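Letters A, B and C mark the chains in the order given here, with residues in each chain numbered from 1 onward.
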Amino acid sequence: MTELIQHLINGLSLGSIYALIALGYTMVFGILQLINFAHGDVYMLGAFIGMYFARVTGAAENPSVFNLLATLLVAMVGCALAGFLIERFAYRPLRRAPRINVLITAVGVSLFLEFAGQLGFGSDPKFFPQVYQPTVDWSMGDIKINPLQVIVFAISIVLMAGLQFLIFKTRTGRAMRAASFNHDLASLMGIPTDRVISLTFMAGSALAGAAGVLVGMIYPKIEPLMGVMPGLKAFVSAVLGGIGNITGAVVGAITLGLAEEFLVGYWAPTFRDALAFGLLILILLFKPTGLFGVHKSEKV
Amino acid sequence: MIKSLKFWIIALVAIWIGNLFIADNMNPYFFSILMYAGINVTLAVSLNLVNGFTGQFSMGHAGFMSIGGYVAAYISTTWTGTHPDWIADPFLSNILFVFNMLLGGFAAAGVGYLVGLPSLRLKGDYLAIVTLGFGEIIRVFILNIDAIGGARGMPNIPPFTSFGWVFTLLLVTVFTIWRLVRSSEGRKFMSVREDEIAAEAMGVNTTATKVKAFVIGAFFAGTAGALFAHYLRYLNPQTFDFNRSFEVIIMVVLGGMGSISGSVFAAFFLTFVREALRPLQELTQLDFRMIIYSLMLIVLMLTRPNGIFGTRELTDVISLLKKKRSTS
Amino acid sequence: MISRHPFSVVLVALSVVLLAPACKKSQTADSAASGATVSGNVIKIGEVGSMTGSEATFGISTHNGIMLAVKQLNAAGGIAGKKVEVVSLDDQGKPEEAAVAMNKLINQDKVIAILGEVASSRSLAMAPIAQTHKIPMISPSSTNPKVTEQGDYIFRVCFIDPFQGTVMAKFAWESLKAKKVAILRDVKNDYSVGLADYFAETFKKLGGEIVIDQSYSAGDMDFKSQLTAIRSKNPEAIFVPGYYTEVGLISIQAKGLGLTAPLLGGDGWDSPKLTEIGGDSINGSYFANHYSTEDNSPEVQKFIKEYKEMFGVVPDGLAAMGYDAALVLFDAMKRSPQLTTPQIRDAIAATQKFKAVTGLISMDAKRNPVKSAVVLKIEKKSFKYQTTINPT
């Protein structure tokens, strides 16, 4: 029983990490219908920005909540900037091009970030400074809970709610939804489509940056290729929940996290990476809109 | 008709005449690049049938390649394990190799059928991701089969791949796909790419066409995998991760989706460029090759998204030039 | 007309196939006769390594080790007055790239010996080429027994999988008195799979029990599901024969789940990054290694000191292996008067009790080094010497 509960907790924690990355994925897809392959690499960039910031400012010497927030903020701003540049120079010129061309560009951007990262940061794994150290222990006997896991879970839920608010309750959100519905019509209505897309992209990238730092806190090993697998799995999560759907991304991510956890824990650990893709294929074949994909209006 | 066939036969004869002395007289380094280039052409042209002509963006070509490679290599190694005299015997070894190559091709085609099925329901990016997923699933399965070495790979594959076979297969692939897309049967592929609904309205069975493209593409990828396995003489599941699929995609995109000449050119060009950039790496002690690759991909998409050839072929260019000369 | 195409193609193809072999020359005989030698004032040797890609960190460490050895050698006057130059090529961690790089080194750069590759998967692709061209090749750290079986020009300076797996199985059984051991292997990594298999084999032979055999893939970051499954079996030790890149995280998560059993590992652990990432969690774990940094022999201390000066970091195990591979090669070159490749090969094969950083190296008949392993215990961010286990 303890084992089962522990697996549940592990799965939730893993799922909330996928959720953080998947949120950004789904936002960008919602507005551009573009699978942003580079998203996982922006997440990697976030982790490295956070690491360098923490090293330079010495935030790791006296861990505190303030330092964690500062690191998060810097990483998010840095990634938003990176996202802006990527969108401006790689995707915007292709706004009217066939989608396959944009997809290829996305693959190109992703490869570029990975290999530039290897040259720039070095390819050896780096230690992510612990800018915040939880002082409490919430474990119950053999059921171990790391407070950081709870924080990440809470943050992904809060972000989900925040995004939901942003999209459905604000003017910017309405502009986003309009632009996602139809670019041309939206601009005819006086919505600065390019700026809205840019903004969405920056918000998505900032989320990836936050994910990078938070993952660095829980798994303090970062490297230039760290974004590849989580990126793909976050995408699978987003599709699972119905891509373009904010709630769906989080639910999909948690489903995937739990599924992986139980597959590895009870059945066939070597097939872990096959699971995500297997799920993806099944969901696309039998319910291409995803678990939550019925309400088209919920798209970003 | 006879005239066009003449070219292929002459080329085939030339390849086998070349086979007699090229391997022994060429610098082995350049020879090995030439061999990989030849294998890459087969891969690129076969992927072009799926991605370029039929417009179904597949990102799992490495998976088909690995199936063909592993099937052929497994039979070769087990058979020569009990019949070691077959390795040295030029006649038997070639018979065995052709047999295995075809078997590898058929195995890959079978899997290609399975992967092609989802394409009935999926389009564009979704299909791309699903094929990528299939490629990864294939890799994970190979990783878990102990009989073919799993993570430790499969060494001691007999060295059956010769210049003749690499370029014969290249020729057969180019010939088949060239003739195919120019037949009435093959026009269906392009009609699916251009407009699926219109194609359907014209009586094209789009479902069957798409699956056919996957099966044929996978078959040639499988045979290319067999060549690869018997040339490198060692297989490892890591060789066939999605980066390899990306490499082939880059070749197809650079050459032009829907241009066989483009794929041939791009596969040769990129294989050689990789090696030509080596001095830069030796000089700087940093490997810029993949960065240049990826930047090239982005810039290409921004400036010339149709690739070098677009959907044109070399023959189109030549006839265009001829026409210009005659009018001027 | 079209219907006749396939038939005629097959016909021509077949007839040529039958003709082709008649004129085929044996390539081996050809290049062996040429037998590369050295001309001029520079001796060129080649190195193939993974400088980029997912295994770049291993390739770069090895490369640094080799560079240090070359620098020291040239500073001391080189070999017979000639400077040694290394041509280093990247293979991006791909076997086929390694094979092409190998061909370039041998045929373009005309090197007389090759150092590399780190991973057995690349070495296995390179070895047949080295053997065909009769160029000696020393792998610093390819542990798969099949590597040196590729031919008599292929050597290595590291243990092979069976030895290291056996060492740790014996250590777990005899020193830790463990009866129930769990295994957590990296399925993506041939080295890890090899070690795990031989460990399980020996440990069962000794009378122990493998309670659970779990696995992960290199690059994973979450191991809690495997560790939770392991925890439920209450093992007395966990054998994790992976690379330090993942083991640090595994140790943190194991401690987080309240697992107190010590982790056991192999030489893939040897890196300062292990304790940097693992922190306090990795304390109390053991791993087999080639040498201990506490070893006061001048070779070891000189290596560590000069490596730090040159690269600003503490050397890891792979750097030491790269360094030693180069030293063994240089030693053999010094003992071959004409510096021809067959001579160098024979000299490497004749290496006896050569004092290298990673121990006394003697080549056995299968071109594997016979050397003892040490078991190190991790305590407070340093590796403490525990015991030496000799090959039987």
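Definition applied: a contact is a pair of C-beta atoms (placed from the backbone, for glycine too) under 8 Å apart; a residue touches a chain by one contact, two chains touch by 3 or more.
Note that this is a predicted model, so its numbers are computed, not measured.
Visitor: Hey, how would you classify the chain contact layout here, line, ring, star, complete or other?
Guide: complete
Visitor: For the interfaces B-C and A-C, which has the higher count of C-beta pairs in contact?
Guide: B-C
Visitor: For chain A and chain C, let me know how many angstrom lie between their CA-based centres, rounded off.
Guide: 36
Visitor: So, what's the distance in Å between the C-alpha centres of chain C and chain B?
Guide: The separation of the two C-alpha centroids amounts to 33 Å.
Visitor: Which positions in chain B are in touch with at least two other chains?
Guide: Touching at least two other chains: 143-144, 286-287, 290.
Visitor: Give me the residues of chain A that touch two or more other chains.
Guide: Residue numbers touching two or more other chains: 115, 119, 270, 273.
Visitor: Tell me, which residues of chain C touch at least two other chains?
Guide: Where chain C meets two or more other chains at a single residue, that happens at 52, 187.
Visitor: For the complex, which residues does chain C have touching chain B?
Guide: 1-2, 5, 8-9, 12-13, 16-25, 27, 30-31, 51-52, 87-90, 92-96, 99-100, 103-104, 106-108, 120-121, 124-125, 128, 133, 144, 146, 150, 186-190, 192-194
Visitor: If we count contacts the way the header does, which residues on chain C are in touch with chain A in the complex?
Guide: 52-54, 56-57, 60-61, 187, 214-217, 219-222, 224-226, 228-229, 231-232, 245, 248-249, 252, 256-258, 273, 276-277
Visitor: Per the contact definition, I'd like the list of chain B residues that touch chain C in the complex.
Guide: Counting only chain B, the residues touching chain C are 1-2, 5, 8-9, 12-13, 16, 19-21, 23-24, 27-33, 36, 90-91, 94, 98, 143-144, 150-153, 155-156, 159, 162, 164, 168, 172, 175, 179, 228, 232-234, 236-239, 275, 278, 281-282, 285-287, 289-290.
Visitor: Please name which positions on chain A make contact with chain C in the complex.
Guide: 3, 6-7, 10-11, 13-14, 17, 115, 118-119, 122-125, 127, 139, 142, 144, 146, 215, 219-221, 223, 225-226, 228-230, 260-262, 264-266, 269-270, 272-273
Visitor: Could you pull out which chain B residues touch chain A in their complex?
Guide: So the residues of chain B touching chain A come out as 57, 118, 121-122, 124-126, 128-130, 132-134, 136-137, 140-141, 143-144, 246, 249, 253, 257, 286-288, 290-291, 293-295, 297-298, 301-302, 305.
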